[in-house]
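What follows is subunit A paired twice: with subunit B in the first complex and subunit C in the second.
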Partner chain A sequence: MHRYKFVLYRPIQLLPVLFGISVVTFVLVRLIPGDPARVLLGARATPTAIANIRRQYGLDEPMWLQYFYFVKNLLSGEMGKSILYKIDVLKLIITRIEPTLVLVLASVTLSVLIAVPMAALAARNHGRFADHAVRIISTAGIGFPPFWLGLMLIILFSVTLGMFPVSGYGETLGEKIAHLVLPSVTIALSLSTVLTRSLRAAMVEGLRSDVATAARARGMPERVVFWRHVVPNSMVPTINLLAINIGWLIGGTVVIESVFAIPGIGQLLVRAIFSRDYMVVQGVAMMLACATVLINLIADIVTVAADPRVKL
Partner chain B sequence: MSASVLRVSDLAVGLHLPGREPRMLLDNVSLDLGKGEVLGLVGESGSGKSLFCRALVRLLPSENIRITEGRIMLGDRDLAKATEAEMLGVRGGRVGMIFQNPTSHLDPVMTIGDQLIEGIRYHQKLDGGAARREALAIARQVGFTEPERQLDSYAHEFSGGMRQRAMIGVALSCNPEILVADEPTTALDVTIQAQILQLLLDIRSERGLSIILITHDLGIVAQTCDRIAVMREGRIVEQGKKRDLLRSPAHSYTKALIGSHPSMPISAGEMTATPPSKAAATDKPLLEVEEVNVRFAGAGNLFGGRSGAVHAVADVSLKIMPGETVGIVGESGSGKSTLARAVLGLTPIASGNVTFDGTSLRHDRVAFLTRLRREAAMVFQDPYNALNPRLAIGQMLAEVLKVQARTPPDQIPTRVCELLDLVDLGHEFAGRRPRSMSGGQCQRAGIARALAVEPRLIIADESTAALDVTIQAQILDLFRVLKRKMNLTLLFIAHDLAIVRNLCDRVVVMRGGHIVEQGGSAQVFEHPADPYTQALIRAIPDIDPDKPLLPQAAREIA
Partner chain C sequence: MSVRALAVGRMGWRWRLGRQPALVIGATILTVFVVAALLAPYISPYDPIAQDIEFRLQNPSWAHPFGTDNFGRDVFSRVIWGARIDLQIALLGVIFPFVIGTLVGTVAGFFGGIVDALLMRLIDVILAFPFLVLVLSIIAILGPGLGSFYIAMALVGWVSYARLIRAHVLVLKNSDYAIAAVSLGFSRSRIMFRHLLPNAIAGSVVFSMSDAVLVLLNGAAISYLGLGVQPPIAEWGIMVAEGQPFITTAWWITLFPGLSIVMLAFGFSLFGDALGDALGVKE
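Presenting the complex of A and B:
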């Protein structure tokens, strides 16, 4: 099991990443013009009221001291209090994380389910009609921005056909699923194009490889050659591509959640930035950094499991 | 020999490109394989011998390459006309194949056991425990020492020889009657080669297999085969019983092949042409290696400490006189290439010293490297990859001459022509790129580049290993001529002992980073003192079938 030893020490690498992220987000949110107290109280607030709010949230302290408190709170497991929602940032994130998490999981699963058959179809018909069709579709798919694709899907399936709700998120499980179908499909369509192209290239190469020749020379039917020998060997390079894209996707949910008005992390972040809710922006950024590192760790574990030659 | 198991008659395979005349790749090939027979199919790269084998099981590399004529009778079935479904049973199940490169032909993400079981399930219709037991039996048969554990290993965890054993096992798992082995030992060291060849002969007798052994090395054929067929440009130029064919070859090409085999003694004329250099005792050595050690740190990580360092070169001392040709031989991992890299300053040495014509690496590293790089040159193993594909040969040579700055710019074109003349390349090669040249021509260009710096020392690292035998012989001849003409000092690194024997005045035998023996070529080869050298020499497949290969010797040192 020594090949999996990196799982133990990888979290140590997280520490410098988190430190960097904390400094950058702390400074960046304070560089945005505007004052959280003024945003909260409105344009006609009295200077005394503003000063009170600033004192209440420690915004009147010098910058370095604010950073010191921020880190001190983090170390004791707290992210401070939201100025806008008046509750603890961690609690706030927890209430908003469900739709985002489900959305990301659903769209990743869906995109793999689209990409693998598409790539297999193209690779096994290399140079023929199906291959060209898949390549044209996936190249065109990269060209469509997700927010536009999302709007088109809403117009078609929600407005015209009335099959799915236009936007928002439900209370019951059935409602939640219904609300997440279109956004998941939107993300999956974009993500699967990238995966399809990478998988197709790996599979085409795999079908020409010596491993495939040797399997054919043992009398294996083409189906077995493909699914048992070519596919497992083609997965390895795509795993990392997928991980990078999931990292990107988490940031990308900001756009999709806005298009579909889903009350998730992305929307929380957008609103926090507009209202200069420093604590929330910092908290969400830290969480996203952790998630990205975690996803790459999972990708590494999957890679090690999929390819016995890999040592990390 | 009893009845034939495979009868190929008038087989023709052509390349059919749309809108063009078909080009014949195999023409009128007729060949019989007797039951239990080992047939050697000999030819150089491009002769069509691999294509022939793939045509047997109709696994042609492209849809445009098709069998146009002829019959391939396996029993009473014509494989040239069989349906694709019938071919699935024939491939593997009746005709098994093993390939030159086990590393790329074994599935890297599947255990060896699973690859064995796959064939057993498909062709022998066994399942579960029975399949596993059969896989264990095969693993034992191909010489796995701990089959239980090794079945659960992956190909990359094996050595080259073990990988080839695994691939033979995977072919056997389908239980074929005929085994087609395409250059199965070309990538292996001599001692491992001897073991693999012996293994093929053993399974032939145990299982009553018939074997087609494709090789470019007549020595292997002489040692293992019953009958030989010689192929050239898609045709069988000659075939016959091994002894008859080797003793009295009829075709001029066969004669040339036999003549260029490195185990053939070189003619007396050539011997006098390359007299052993009579370096006077007072001469200073051009290159002196004193107790050099090279160590590589083992792979370490954050928590696991450094696991044992590898001692790649240990206390090696060596003197090379001006004008001398010294061969370093050893198997892979013996440290011979590391030593060459250390001498050129490409790998740091842990201790010891290298002196090049009086300049010491220890005392003045910068001066040493400057002198060495001006006065020494290297010729590499892979002629294609060592040349810049985007430069024509003339440009490449001109570039070296410009950097060297010894030749006035207006004389560079003349000098380029001189260099091409030296390596027997026509002047038109100045305008050609490596891609449009053969391996031998590329290697000549590589040698011309080495000569461009007017070196006093040339280090050739496995410079003929990637070439066909007749081309190999030509390149060796070229080295001989150059040595005589230019009084070159040559350090020739090779795993092929026969080549070193013919070219070098002195031989250094390395094993595990140590020099086990050194001395005059004749003396070391005629009377090897060290048991390892003796075993190495005995493992060379000799072209004389009466000098049998001694796999026992090979086993002793493995």
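Presenting the complex of A and C:
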């Protein structure tokens, strides 16, 4: 079990990063010109509310003390109140997590389901037509703006074929799934282009590896060599690649939620920016940064679990 | 020089270009867009912001190859004028991070020590944020607009370049020519910027091409969200947003600006791949 020891000390190593995240979000909001109390509460704040927030965040104290108050509030789950929605930012974020989480999970799953066969097709036909075709498709695919691709899918599947709803989220499970199909496919198509390129390279290398040669020498058919030895070994780089791209994936979700009007965290962020709801901007940015850090930690654990050779 | 290399040399540039379709196609696409952007006032058939309510939401035709939008503006002209803004986004959104990141990375890698350690921690923190989320947060504070976008890109985008350059400088500063330069008593800035940097920069140049694709997509996405370029200026991202309410009836308003982004991005990707091959840089 000593291979998993890093699970215990990695969170401690991550403390400086979490500290940094809190400093960056703190500084961001303090950089806004004007009285911080007015900035955080909006133009129509009552004098009592202003007095309260001054006390709660120590806005009359020196900067370093203000940061101390900020962290103290944060640790007690206090992220301030949204101007627009009039409720606690943390509660607001929690009500918005579900669609975003489902969207991210569905997109990752779909993108792997797209990328593995594409990469397999290319790697098994290395240097031939199929390989070039996959390479050109994935190179061109990287340049497809997800927001535009989403609209094209709406035209094709919602407007022309009438298969899926145009936008929104819905109440029942069935409605929710129907509403999330096109957004997930949009993000998955974008992500799969990046995945395919790297996965193809990993598979081409795997086909030349000693493992593959040894399997062939034992008389194993090429198809079995590929699916039993090459593909499993290319999964570890894929997990790492997904972890590296998680920030990109979350950014894509922010945009796609706005395209399809899905009430998730991304849409919350964009609306908060428009309505100068800085407590929400701050909370969402911090939450998404922490989520990215957490997902990378999980990816490390999965990598160690998947490949006995990896030591962290 | 090998016989093959000599033969290639004799064959001349036509033959060599014929062997590199990615370079030829990529460079051609980029040239077309740059020329279109530069000559926009002369080649666009209509004024990109002139409204003509009588001809609103017209199908593509000979008079309006890409149709007209809900204000009766010619989509083809707007796509051409949009090339100016979107090329500017790709250029400025890459150049500021490139310069800042290269300077920081070179200095950090060369001096090492506490400066390097602190900069690396800062980079870890910036990379912990999802890129677009941090860019959007900065835009939230500075207020919507293209200027805010460039500032946000400069503040966030430099980290990738800094990491790339630093890794190269760390290796190169122990090379024979660097040690020779030190023993000749050259100044540190001369060693950094005349000896190390030119040898370390190839990877960053190649990366800047794939970065241009991402910057273009992010810039267009931010304009699409309404936080970048403001109406009535013609830019592809905002054109897609303006066409969205009409996608059921007037698909051409969204289709053509989006295709332009795809084409320009494809040009950057192909050119970057070819550049990587030519400079011997592996991704």
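Keep in mind that, in the parts below, the second predicted complex is superposed on the first by the 269 of 312 C-alpha atoms of A that agree within 3 Å, B and C clash if a C-alpha of one lies under 4 Å from a C-alpha of the other, contacts with A are read in each partner's own complex, and residues count from 1 in each chain.
The criterion applied here is as follows: a contact is a pair of C-beta atoms (placed from the backbone, for glycine too) under 8 Å apart; a residue touches a chain by one contact, two chains touch by 3 or more.
Predicted model, so just to flag it, every value in this text is computed and none were measured.
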item: Room on subunit A for both subunit B and subunit C (clash or fit); value: fit
item: Which superposed partner A:Leu28 touches (first subunit B, second subunit C, both, neither); value: second
item: Partner contacting more residues of subunit A (subunit B vs subunit C); value: C
item: A:Ala122 touches, of subunit B and subunit C: first, second, both or neither?; value: neither
item: First (subunit B), second (subunit C), both or neither touched by A:Leu288; value: second
item: Touched partner set for A:Gly219, first subunit B, second subunit C, both or neither; value: first
item: Partner chain in contact with A:Val211 - subunit B first, subunit C second, else both or neither; value: first
item: Following superposition on chain A: angle at subunit A, subunit B versus subunit C, Cα, nearest 10°; value: 80
item: Smallest separation of CA atoms, subunit C relative to subunit B, angstrom; value: 7
item: Doubly contacted residues of subunit A, that is, touched by subunit B and again by subunit C; value: none
item: Of subunit C, residues touching subunit A in the complex; value: 121-122, 124-134, 136-141, 144, 210, 213, 216-218, 220-221, 224-227, 237, 240, 244, 247-248, 251, 254-255, 257-258, 261-266, 268-270, 273
item: Subunit B to subunit A touching residues, read off their complex; value: 57, 59, 87-93, 96-97, 99, 101, 104-110, 118-119, 122-123, 154, 156-157, 167, 170-171, 173-174, 301-304
item: Subunit B contact footprint on subunit A (complex, rising order); value: 2, 5, 8-9, 209-211, 213-221, 228-229, 232-233, 236, 306-309
item: Touch list for subunit A against partner subunit C, complex; value: 16-17, 20-21, 23-25, 28-29, 31-32, 139-140, 142-149, 151-152, 154-155, 159, 246-252, 254-255, 258-259, 269-270, 272-274, 276, 278, 281-282, 284-285, 288-289, 292-293
